[in-house]
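Consider the two complexes below, in which chain A is the common component and chain B and chain C are the respective partners.
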Partner chain A sequence: MTRSKAPARGLSDMPESGFRPDLVAIGFFLVVALVFYGSLLWTGYLSLTNSRLIPSYEIVGFDQFARLVATPRWRTACVNLVILGAFGIAGSLALGTLLAILLDRDVRAEGLLRSIFLHPLALSLVITGLAWRWLLDPVTGIQSVLRGLGWSSFHLDWLADPDTAIYALVVASIWRSSGLVMIIMLAGLRGVDTDIWKAIRLEGIPLWRAYAQIVLPSLKLTIASCIILLMADVVRSYDLVIALTKGGPGFSTDLPAKFAVDHFFGRANIGLASAASVVILGFVASLLVPYLLIQRKGRA
Partner chain B sequence: MIGVGIRGVTKSYGALPILRGIDLTIDPGEFVVLLGPSGCGKSTLLNIVAGLEPLDDGAIEIAGEDMTHADPSKRHLAMVFQSYALFPTMSVRQNLGFGMRINRVPKAEIVRRVQSVAALLQIEPLLDRKPAQLSGGQRQRVAIGRALVRSTRLCLFDEPLSNLDAQLRADMRVELRRLHADLGSTMIYVTHDQVEAMTLASRVAVINRGKVEQVDTPQKVYDRPATLFVARFVGSPAINLLEGVLMADRRFRSATGATVDLSGYAFASTPRPGTEVVLGVRPDDVRVAEAPARRGDALSAVPAFTESLGPRSLLWLELDGQRWSMYVDAKGGAIPTGPFEPGFDAADASLFDKTTGVRL
Partner chain C sequence: MTRASVFGGFLAAGLGALAGPASAQSVDVVHYWTSKSESRTINILADAYKAKGGRWIDSAVANFDEAVAVANSRIAGGTPPSAILMNPGSTLDEMTEAGYMRDLGDIAEREGWSKVVPPFVLEKMTSNDQIVAVPLGLHGANWLWYSKKIFEEAKVAPPRTWPEFLEVADKIKAAGYVPLAVGGENWQINYIMSSILSGLGGPDFYQKLYVEHDPAAAASPVVAEGFETLRKLQAYVDEGSVGRSWNETTGLLVTDRAAMQFIGDYVKGEFSAAGKVAGTDYGCVLAPGTEGMYQVYTDLMTITAVDDPDVVKGQDLLVAAVLDPTVEVDMSRSKGSTPGRSDVVSEGLDPCARLGSESLAGARKVFSGPYETLSSDQMGQVTDLVGQFWTDRSMTAEDAATRFAAIFP
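Our next item is the complex of A and B:
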């Protein structure tokens, strides 16, 4: 009698294969929960302690944050983040959009140009940084080439000057990111209804006004996506700094991410580094604000 | 109100000919519908008139001036598009006024014209909304409004109603007729919908494969189609057709030997016996023969099935291997059930040369 149960089993539970999709997913969630959120919480906790070389669990409140704010190097890093963010994002957005518009206006050899401009994105940031370090190096780069051609007074030593080194980073980051903006904006421009263009021509609207007042405003969600992607790039731009300037000269091109890594692993100041990390987390979280605002507006 | 002259316009995309020599004169104040199946070149023709596409050969005259190479904005015309083409980030008011702002029209004049068009189309309550907040019908009104603000002298319509549902389409048809009557604008309207063509046009130009097949009033196009294509394309249910040969005594003989007396038919020229022809009769003109000839060579139809249309029914027939249809009174009860002899007035029929498709 007991054996009669066996044939009643459905196809849905096949114990023979031993494959349980839910178990696989649980494993994945556990890894995310432990590694990602666990580390996050632990870092948050450490930022409230007096940890130095090794983690200590003695809570000292917000002392580390106070010290962080008082550290000139951290303040420089934050100012640099703002410079890199403002100029880098504005530059990439402007250049990328311009390239996309030019490509959209039926330039010849679009495929070739598209891959050329997109190419930097495929390169590792370390290579990008290295390439620009050579280009901007007075001895090996653009300066020596132009002087060799006879322009002996030409001067380009941004990397050597603490006041201008951060702008070398800005240039490299624009060079790297504008291809991404271009490709996203090009997709957006291609999506504009051809009838809208016909109406624009019929009304005799000049091209620049058509882009400035009709086409680009209608792509504001596309532009917002670009900005969010670029902001994320800026906040975590650690490798570009390492490859291009190593934070120098002095600490003039330091960025928050590099500050945190240096203090974690180089300067053995886990408490301060954790505080810096928490602040960076705050920056990242604030990126979501415009995104949420747009989403909410879209629903209204 | 301005006229439009289309003179020998040709256009091809690469090796593919789209327009093969179009000649059409549109008088001031006319409502001309360009009717044809998709891909016949009617939208291309409209874009060429608007200057939105270059032509290969020929000329476009607007208001008596040669406008073949003029910029679209200089052609004194406005256009309404299938997808409405409203500027999405601007309010209705800005959509209506933007073109005038670009062209430096004084502010007071912009306000006045926007107001008057908004009143005409009853879209005043919508003026401060964005296009995304409007329904399809409202968007179409705004699109028409934008065209009217620009020009009331010549308006081009590129399938403006095809994105609307059936009820709204019927409403907008009436609206367009009213606008045309009120404003007296010259209108050129592209559609593949024959109902729109029939109800709106003062003249219909039927286009097929880049050629104008017939230009006439809607009734003429329906009653006396100039070609076999026009006969087939216009009319729903489709015209009844029967292939055969023309005989010496102005009789038509089908492949199976049934004959029809065509002595009442108004031939365009003296018919040549032996010509292979196609006979066409509108379903409205077919009836049960009152005085059956009872000859061996009379037409004979077998009822297949009926479709009820409310006031009357459509009776589908099997006639000489062809599918024919005719209307029968739903309430009269006189629906034939067995084979019978169909009749029609030869004057109402159409006869086409089978090889050229031209009306005889």
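Our next item is the complex of A and C:
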């Protein structure tokens, strides 16, 4: 049995200090198993019950999921997740890659520019949200400043309009994440073989084609890593919404995570919130799909 | 000395500090009174408790929902707080039913609470036939606050019906002011909606809809009319309303930029903080059409069920401190509420507080506010619907009314 052998070998290899990495690993494993998977299973169970403020163990089947699907606020939240995911990720990726390419063309003060573009990532999401809320506020923000300067027809009230408010979130998340994409893509670009560039120059291929058809396609794995990182950002963007719009106007910028938290704590509806959490788990699990695809490709 | 023993030493020291010296009577209170006037009020109670020889452990949490969540987690985890600041309603009922709360019936009988606490308040302290709380004070809900300066300038009087409200709002708009101050948060919109439905339907309708959750009342034409009225109010709101908090919104009245706001009487804390005087700078009337009723929120200090006799003693002392007549009066002065005891003298009340205390004394029918009479889940659904109606201008009043009725099956 490998199980019984492992500690013995660990003891003989280790110096006298008594440090036991295997024990540390077991502790970690237990914590993950109990806290993470335990809570996960319990949430799954609760989603099938009629729990309200206090967990109840009376199974009602998929009633909570049925109510969830019938709730307009939940549907809005899911649509918003898709909008934020699609536009936010595409935007960050495009802008970040563009910045990386520009920096890669040997600009002056590269270090300074890199820091500037990366800086938003170092800010807390709450501060990001608040800053953008002030900027986009029609009474105190950009709109009032430009109108004050004499451009009286200027109109920027994204936050006030339920149809556009979600795009304010998209803008804020692009602003935040582009720097991250830039730094990763820059590292990728720097890793491109100089021979490839020599060949490109020899062939006289225009620069844009060189990037679009040769360099960027060779960075597929780097791009995929960016996408996975950004997706994780989107699913957990709870704090950005709280700071920027609090889910409003109405519930037009609600996200699934906010829906679940509101129902757990504000609405004393553990059953419905658990059902929402289970669906969110489904979203998170789907994030793993591109990751698994890359792994399979890497192995092949 | 090995590393392990150093660590052990730290651990022991840390645990020792946590356990602390066992004080004879202490109380661990979970509350959410953190704004300026609120923390001043809870400190009045804490000081009174300390003066009686107890030790006060303050477990302040940012807001009501989180306070209830924290308290319930602690109860589930086996370390219940001694007391929780709460409001009556379905949440408290569920906790009592689960056996989380302590029955204060014997103390109540011994001290004759029924003689000093009005029946309405005593009923609010009672959950599942047990007295589980003591009252900190009562707040009125169905108020309309207005700027005296703007009303004089526009030559209008406080509206008494909803059609009148619209006329008054038009005149104020013509005078160049924002007629209605509202923050575009869903609960603030819903606050107005409750006032509209109360005003259009009257006390009997309020009783049927909000207290009895009668499906017939929820499906009545009053609801559609209410949504139509709410839609009309949107013409009187300023551009910056989206996402604005209630106290920022009150700032518009304080600075005489907007004329009216619907909000509970805790708003007086904001006015007094800005040096404004009730009856001189700002006025108060009951919301249009709600002359005949007074909707009330009761702040309760609920007492949890615990085994440790020392903690029980600490709770007894807390109960005594809350019901101390001087403390009751001081707390309600500080917070702008009405005391929970009817036998205390509260002189020098401002005109708004006087109207409130007259109402409680029997001048009009007293109800619990909608947040106490609906379950938090039901109230949440109503809030979502009203918020959606407010932002989605393509939604018709009839559609909204149909969906409203569906919340009351």
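As a convention for this text, the second predicted complex is superposed on the first by the 275 of 300 C-alpha atoms of A that agree within 3 Å, B and C clash if a C-alpha of one lies under 4 Å from a C-alpha of the other, contacts with A are read in each partner's own complex, and residues count from 1 in each chain.
Going forward, a residue touches a chain if its C-beta (ideal position, glycine included) is under 8 Å from a C-beta of that chain, and two chains touch if they have at least 3 such contacts.
Small disclaimer: the values here were computed from a predicted structure and weren't measured.
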Clash-or-fit label for the pair chain B, chain C on chain A: fit
First (chain B), second (chain C), both or neither touched by A:148: neither
Greater residue coverage of chain A in the superposed arrangement, chain B or chain C: C
Which superposed partner A:217 touches (first chain B, second chain C, both, neither): first
First, second, both or neither for A:267, with chain B first and chain C second: second
Which superposed partner A:202 touches (first chain B, second chain C, both, neither): first
First (chain B), second (chain C), both or neither touched by A:73: second
Superposed arrangement, angle subtended at the Cα centre of chain A by chain B and chain C, nearest 10 degrees: 160
Touching partner for A:133 - first (chain B), second (chain C), both, neither: second
First, second, both or neither for A:252, with chain B first and chain C second: second
Minimum C-alpha separation between chain B and chain C after superposing on chain A, in Å: 49
Common interface residues of chain A - those touching chain B in one complex and chain C in the other: none
Residues of chain A touching chain B in the complex: 193, 195-196, 198-199, 201-206, 209, 213-214, 217-218, 220
Complex interface listing, chain C residues touching chain A: 3-4, 65-66, 68-69, 72, 90-91, 94-95, 98, 184-186, 238-240, 242-243, 375-377, 380, 384, 387-392
Of chain A, residues touching chain C in the complex: 17-18, 52-54, 72-73, 133, 137-140, 157, 159-160, 162, 245-246, 248-252, 262-269, 272
Complex interface listing, chain B residues touching chain A: 47, 50-52, 71-74, 77-79, 81-85, 87-90, 98-99, 102-103, 146, 150, 158
